[in-house]
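Two complexes, one shared chain (chain A), two partners (chain B, chain C).
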Partner chain A sequence: MLYLQLLVNGIQTGALYALIAAGFSLIFGMTRIFHAAHGATFTIAGFVFYEFYAVLEWGLIPSVLACAAAAALFGVLLNRWVYVVIQRHEGSFFTVFAASFGAAIVVQNLIAIFFGKGMVTVSTPLSRSIELMPGLYIAPMAFIAVITAIICFALLHYLFTHTNMGVALRALGENPVLVDVFGLNPKSLGKYAFLIGSVLVVPAAILTAATSGLNPAMGHHVMMISIAATIVGGVGSLRGAAMAGLLFGLAENLSLAFFDPQWSEAVTFVILFLFIIFRPGGFYGRAIVS
Partner chain B sequence: MLAYLQNIVVLFSINAILALTLNFIMGYAGIFSLAHAVFFGIGAYTAAFVALNYTDSLVLCMLAAMGLSAVISMALALPALRVRGEYFVAASLGLQMIGVTIFSEWKSVTGGLGGMVGIPSPVFLGYTFRSTTDFLILAGVILIGILVITSLLVRGSFGRSLMAIRDSESAAQAYGKSVNTVKTLSVAISAGLAALGGVLYAFYMSFVNVEVFTLDMSILLMAMVIIGGTGTLIGPVVGAAIVMALPAALTYLPFIPPGELGTIQQIIYGSAMVILMMYRPGGVVGARAKGKST
Partner chain C sequence: MKKILLGLAVCQAMAGIAVAQDIKIGAVFPLSGANAEYGEIFASGANLAIEHVNADKMLKGNLVLVYEDSQALPTAGVVAANKLINVEKTPYVLSAFTGVSKAVAPLGTRNQVVMVNGGGVGPDLATLSPYFWNVIPLANFEVKAMAPYLVKEKGLKRIAMIYVDDPLGDAALQEMKTELKANGGELVGSFSIPAAAQQFSGVAARVRDTKPDAVYIATYGNQQVQLVKQLRDNGVSQPLASYSAFSTPSMLKLPEAEGAIFTSQQINVNNPDPRTKRMVADYRAKFGKDPNMYAINYYNAVLTFADLAAALQKEGKPLTGANLLEMRKKTPSFDFVGAKVSFADDGTVKAPIQINEITGGASKVIKSAQ
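Entry: the complex of A and B
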C-alpha cells in the first residue's frame, strides 16, 4: 500500500512539475533564453494568488486572473527590459543566465520582505485527504492537478499544431533567421513565448499553494526542476518536458520508500547527471552540438 | 575594532581565493560551474577530518584536501567534456545539490547538520597558528600564492590553450590542442586550489557545517566573479571585496532594520548582477564586452 500511496503522490507532484517544466522548456526551446527566473515567476504567481484569495478574499476567479496577470507581466517585462537589452549587444548564454539569476534573487528577497520568510498555505476543503482504500489517502486536489495538467497540455498541443502563432513559435525554435526571412518578427514572437510560458506556471502555483504551501525560497527548487526536466525531456520538446516532469515527481516520491526524505532532491539530480553524461539530448531531443 | 577588521580581511581572503579559482575555469576555460562551493566544502571537511583524526600538520591537511578535491572534480570534468553552456550549468547545479546532500547526510564523516567542532589549530614547521593575526598572514600568503599561480598559468601556454578552447573548441582541436586534457586539468587545478580556501576556513573557524557550502555560496562566488569581471586577473578579487564590503557597509545605515540586512544585501547584489549584465557584461574591471560564442 505504501508503494501505491507514493505512486499516487508521485503522479500528483509529477503533474505539477510537468506544467512548470513545460513553461520553461517552451521559453528556452523557442527563444534560446535560459530563463532561470522562471522559478521567480512561479513564486510571484503563488504569492499573488495567496494575497488575493486568502488575504483580500476576492473570490476564486478574480484571484486566478490576478495571478495570471502578475505572472505574464513579470515574464514579458523581464524579457523586454532585461533580455532584449542584453541581446542587443551580446548574445552569450551566460550573460543572460547571470542576469536572469540576479532577477530571481531580487524577487525571492522582495517577496521575503513583503510576506515573511515562513510558509503560507491557502486552505481549501479540497486539499484534505480522503481514505479511498485502507491505507491509501488521496486529496481531491490530486485529481484536480492531474486533470488541469491534461487540459493544459491539450490546449498547448492545439496551440502549437493548429494555430498560425503556434507554428510560427515552433519555427522560431528551429531557425530564428529563417523566421525573419519569412517576414515574421522573432522579437515579437519571443514576447508570446514568454507570455505563454509564464502563464503556464499559474495552475501549478495555485495548486502548490493549496497543497504543500508556498515559501519565498521555493523558486530555486522550481527553477532546478524545470531546468532538469527540460534537459532530460529534450530541449524544445513539450512532450519530453511533460514526461520528464512526471518522471521527477515519481522519482522524488518513490525514492522515499528506499531513502530518507533528505535524499529525494539528490535522486532528481543523479537522474539529471546521468542523462547529461550519457544522453545529453534527452528523451526526444535533437542531437546537441557541443 | 582591529580584531573585527582582521576578521573581515581573513574572510575576504578566503572568498577571494574561491572567486579566483572559480574565475580560472569560468573566465578562461568557459566552464560555468555552479558547484564551486562543493570544492570549498571538500577542502574544509577534509582538513577538519584529517586534523581531528590523524595529524594537525598544515601541509599534510592541505595536500590531502587538494588531492581529494582534484580527484572529485573529475565528476565535474566529465560533463564538461560532453556538453557546454546551458547543459553544463545544469549538470553543475546537480553536482552542487548532490554535494550538499552528502555533506549533510554522511553523518559518520561530516557530522551531519551539526558539523564538526573543535578542529585543532594547524601546525607548520613547529609553529601553531592560533590568533587572528596568524591566520591573516597565512590567508594573505595563500591568496598571493594563488594569484601568482593563476596569473602564471593564464599567461603561459596552458592559459592560451584554455582561452583557445573557450573561444572555439573545434578550432583549438584543429590546431592540435588536446581539448580533453586541458579541460580536465583546468577543472582539477581550480578545484584543488579552491580546496585551500576550504582548509583555511576550517582551521580559522575551527568549526565546519554544511551551511556555508550550499548553492547560495556558489551563487555568491559567481556573483563575485561576474561583478568583478570574468576573465580578468584581478577582477574576482575586486568582486570579492565589493560583495564582502556590502554587508559591512549596510550595518552602518541606520534606517535598515537589522533583521532585513541579509535580504537587502541579496537584493542589492541581485540587482547589481542584472544591471551589470545589461550594461557592462565584462564586470567592473573588464574593459570590453567580449563576444563569446557558446
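Entry: the complex of A and C
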C-alpha cells in the first residue's frame, strides 16, 4: 500500500510541478528571456489570493480573479518596463537575467514587508486527506490538482494549435526574425507570452497556498522546479514541461520507498543530469547547438 | 563657495567625532530567506537592549548594533561575520542557528572576537571555542526533558523522528536515540529531510507506515510549519512533539499545530527584578505581546556585553574580545531577564526546561521545569 500511496502523492506533486513549470517554459520558449522573476510572479499570486480569500474574505471567484490580475500585471509590466527597455539598448541575455533576478529579490523583500517573513496558509478542508482504503490517504485537493492541470494543458494545447495567436507565439519561439519579416510584431507577441505565462502560475499558487503554505522566499524553489522541468521537457515544449513536472513529482515520491527522504531532491537532479548528458534536447525539444 | 566648503568640512569633522564615539557590536542574523522570521524576533530583543543601554548611558559612547544577513546559511554567515570582524571591527558578534554558528566560530577564535549564540541549539555549540558563548540551553537538554515526558508520563513509547539534514538535526537524532533507550522508548523510524524541501506528503506516508505513538520533529523556520501542515493533511494524526523552534508566531497560528507540544527554556517573565520588569513592560508596549525566549536571549546577550564593557571601561581597558572573555571569567553571575545566571567553563548558560502545548494560537506551559 505504501507504493500506491507514494504513486498517488507523486501524481499530485507532479501535477503541481507541471503547472509551476508551464508558465516559465512558455515565456522562455517563446521569448528566450530567462524570466528569473517567474518565481516572484508565483509568490505575488499566492499572497494576493491569501489576502483576498483568507484575510478580506472576498470569496473564491473574486479572489482568483484578483490573483490572476496581479500575476498578469506583474509579468506584463516587468516585460514592458524592464526587459523591453534593456533589449532596446541591446542588453545581453545576462543583463536581462540580472535584472530579472534583481526584480525577484525586490519582490521577495516587499512581500516580507507587507505580509511578514513567516509562513501563511489558506485553511480548507479540501486539503485534508481521507482514508479511502486501509493505508491509502487521498485529499480532495489531489483530484483538484490533477483535474486543474489537465484543463490548463488542454486549454494551452487548443490555444497553440487552433488560434492565430497561438500559432504566432509558436512561430516567435521558432524564429523571431521571420515573424518580423511576415509583418507581425515580436514585442507585441512577447507581451502575450508574458500575459499567458504569468496567469499560468495562478492554479499552482492557489493549490500551494492550500496544501503547503506560502512564504516570501518560496520563489527560489519555484524557479528550481521550473528550470529543471524546462530543460528536461525541452525548451519551448509545454507538453515536455508538463511531462517533466510529472516525472519529477513521481520520482521524488517513489524514491522514498527505497531511499531516505533527504535524497528525494537529489533524485530530481540526477534525472536532470541524465537528460543533460544523454538527451540534451529534453523530451520534446531539440538540442541547441551554438 | 569657501563658506560652503568650510561648513562641509566642519560637518565632516563632527560626523567623524560622532562615529568615533560609537561602540559597535555585530549581529549575524537571517534577515532574508526562509528563516527570516527568526531574524525579526532576534532583532526585536537585541534592539530593545540597545535602546536600554543607551538610555541608561551604561557605556562611555553610543552602543550600535550592526546587522549582516546570514540567511541562516553557513556560507552567507561566514561572509557576514568576516565583514563584521574585519571591516566593522566589532569585538562582539551575536550569532544564531547551529550551522551558521559552527561556521563562524573559527573566525571568532582566530580574531579573538566573542561570538554569542542565543538561537541555535546544536549540542556541539558548547565545545566550539572559549570565544563562543551560548545564552540558550542546547538541544540535548531539550531532548532530555521531552523523551521521558513522552515515554513515561504520556505512555508514547514508539517515536518516529523527522529531522533536518544539518548539524542541528543530526545532533537531535543522536540525543533522541540515547534518551529513548534510557527511558524505555523506541525510535521506530528516523527520516532526514533536506533543509530546502517543501513537499512532505511522501514523508507523511513513510511516517504513517511506521505506526508511531508520536512524531518528534527537529527542523526549524518555515519548513517546520509546512511539515506540520502536510503531516496533518496527509493522515498523520499522532501527537507531534518538538523543541523550542516551535515557538514562532507562524507555528502558533497554524490550525494544524493545535495540540503539538514543545520544550523551551523556562523564563519567568513575572520575576520581580527591575531588569526583567523593564524588559517585559517595554517589549509589551512596543510589540503588543510578551517577548518569547529568543527575544529575551538576544536582549540578555546585548546586556551581557554592556555589563562587561562597562566594567572594562571602569578599569580603563580597551573593549577587545580577549578582555571581554577575561572579564566574563572574572564575573561570577549576570542579571539575565528572568533569572540570575552564571556561565559554565564551556561558555554556556544552563536553564531549566519546560514543556509547552500549542493551544488556541498560543503556547501554554503544561509541565514546569523541575
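As a working rule, the second predicted complex is superposed on the first by the 288 of 290 C-alpha atoms of A that agree within 3 Å, B and C clash if a C-alpha of one lies under 4 Å from a C-alpha of the other, contacts with A are read in each partner's own complex, and residues count from 1 in each chain.
In this section, a residue touches a chain if its C-beta (ideal position, glycine included) is under 8 Å from a C-beta of that chain, and two chains touch if they have at least 3 such contacts.
Because the structure is predicted, anything quoted here is derived from the model rather than measured.
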Exercise for the section: Return fit or clash for chain B versus chain C, each positioned on chain A through the superposition. Expected result: clash
Exercise for the section: For A:I113, select first, second, both or neither according to whether it touches chain B, chain C, the two together, or no partner. Expected result: first
Handout entry: chain B versus chain C as contact partner of A:V96, first or second or both or neither
Key = first
Practice task
For A:E265, select first, second, both or neither according to whether it touches chain B, chain C, the two together, or no partner.
Solution key: both
Exercise for the section: Could you look at A:Q87 and tell me whether it touches chain B, chain C, both or neither (first, second, both, neither)? Expected result: neither
Practice task
Name the contact category of A:F273: first (chain B only), second (chain C only), both, or neither.
Solution key: first
Handout entry: First, second, both or neither for A:S63, with chain B first and chain C second
Key = neither
Exercise for the section: Could you say whether A:S198 touches chain B, chain C, both of them, or neither, answering first, second, both or neither? Expected result: neither
Exercise for the section: Identify the partner contact of A:L2: answer first if only chain B is touched, second if only chain C is, both if each is, neither if none is. Expected result: second
Exercise for the section: Pick one for A:L256: touches chain B only (first), chain C only (second), both, or neither. Expected result: second
Problem - Colliding region between chain C and chain B, picked from 62-70, 170-178, 206-214 or 278-286 after the shared-chain fit - result: 206-214
Problem - Intersection of the chain A residues that touch chain B with those that touch chain C - result: 108-109, 112, 260, 262, 265
Exercise for the section: Using the touch rule from the top, collect the residues of chain C that touch chain A in their complex. Expected result: 32-34, 36-37, 39-40, 162, 165, 191-194, 196-203, 205-206, 208-209, 222, 225-226, 229-230, 232-235, 248-250, 254-255
Exercise for the section: Using the touch definition up top, name the residues of chain B that touch chain A in the complex. Expected result: 32, 78-79, 82-91, 93-95, 97-98, 101-102, 104-105, 169, 215, 219, 222-223, 226, 260, 263-264, 266-267, 269-274, 277-278, 281, 289-294
Practice task
Please name which positions on chain A make contact with chain C in the complex.
Solution key: 2, 5-6, 9-10, 12-13, 108-109, 112, 116-121, 123, 127-129, 131, 135, 137, 139, 211-213, 215-218, 221, 252-253, 256, 260-262, 264-265
Exercise for the section: State the interface residues of chain A toward chain B in the complex, per the touch definition above. Expected result: 28, 34, 82, 85-86, 89-99, 101-106, 108-110, 112-113, 220, 224, 227-228, 231, 260, 262-263, 265-266, 268-270, 272-273, 276-277, 280, 288, 290
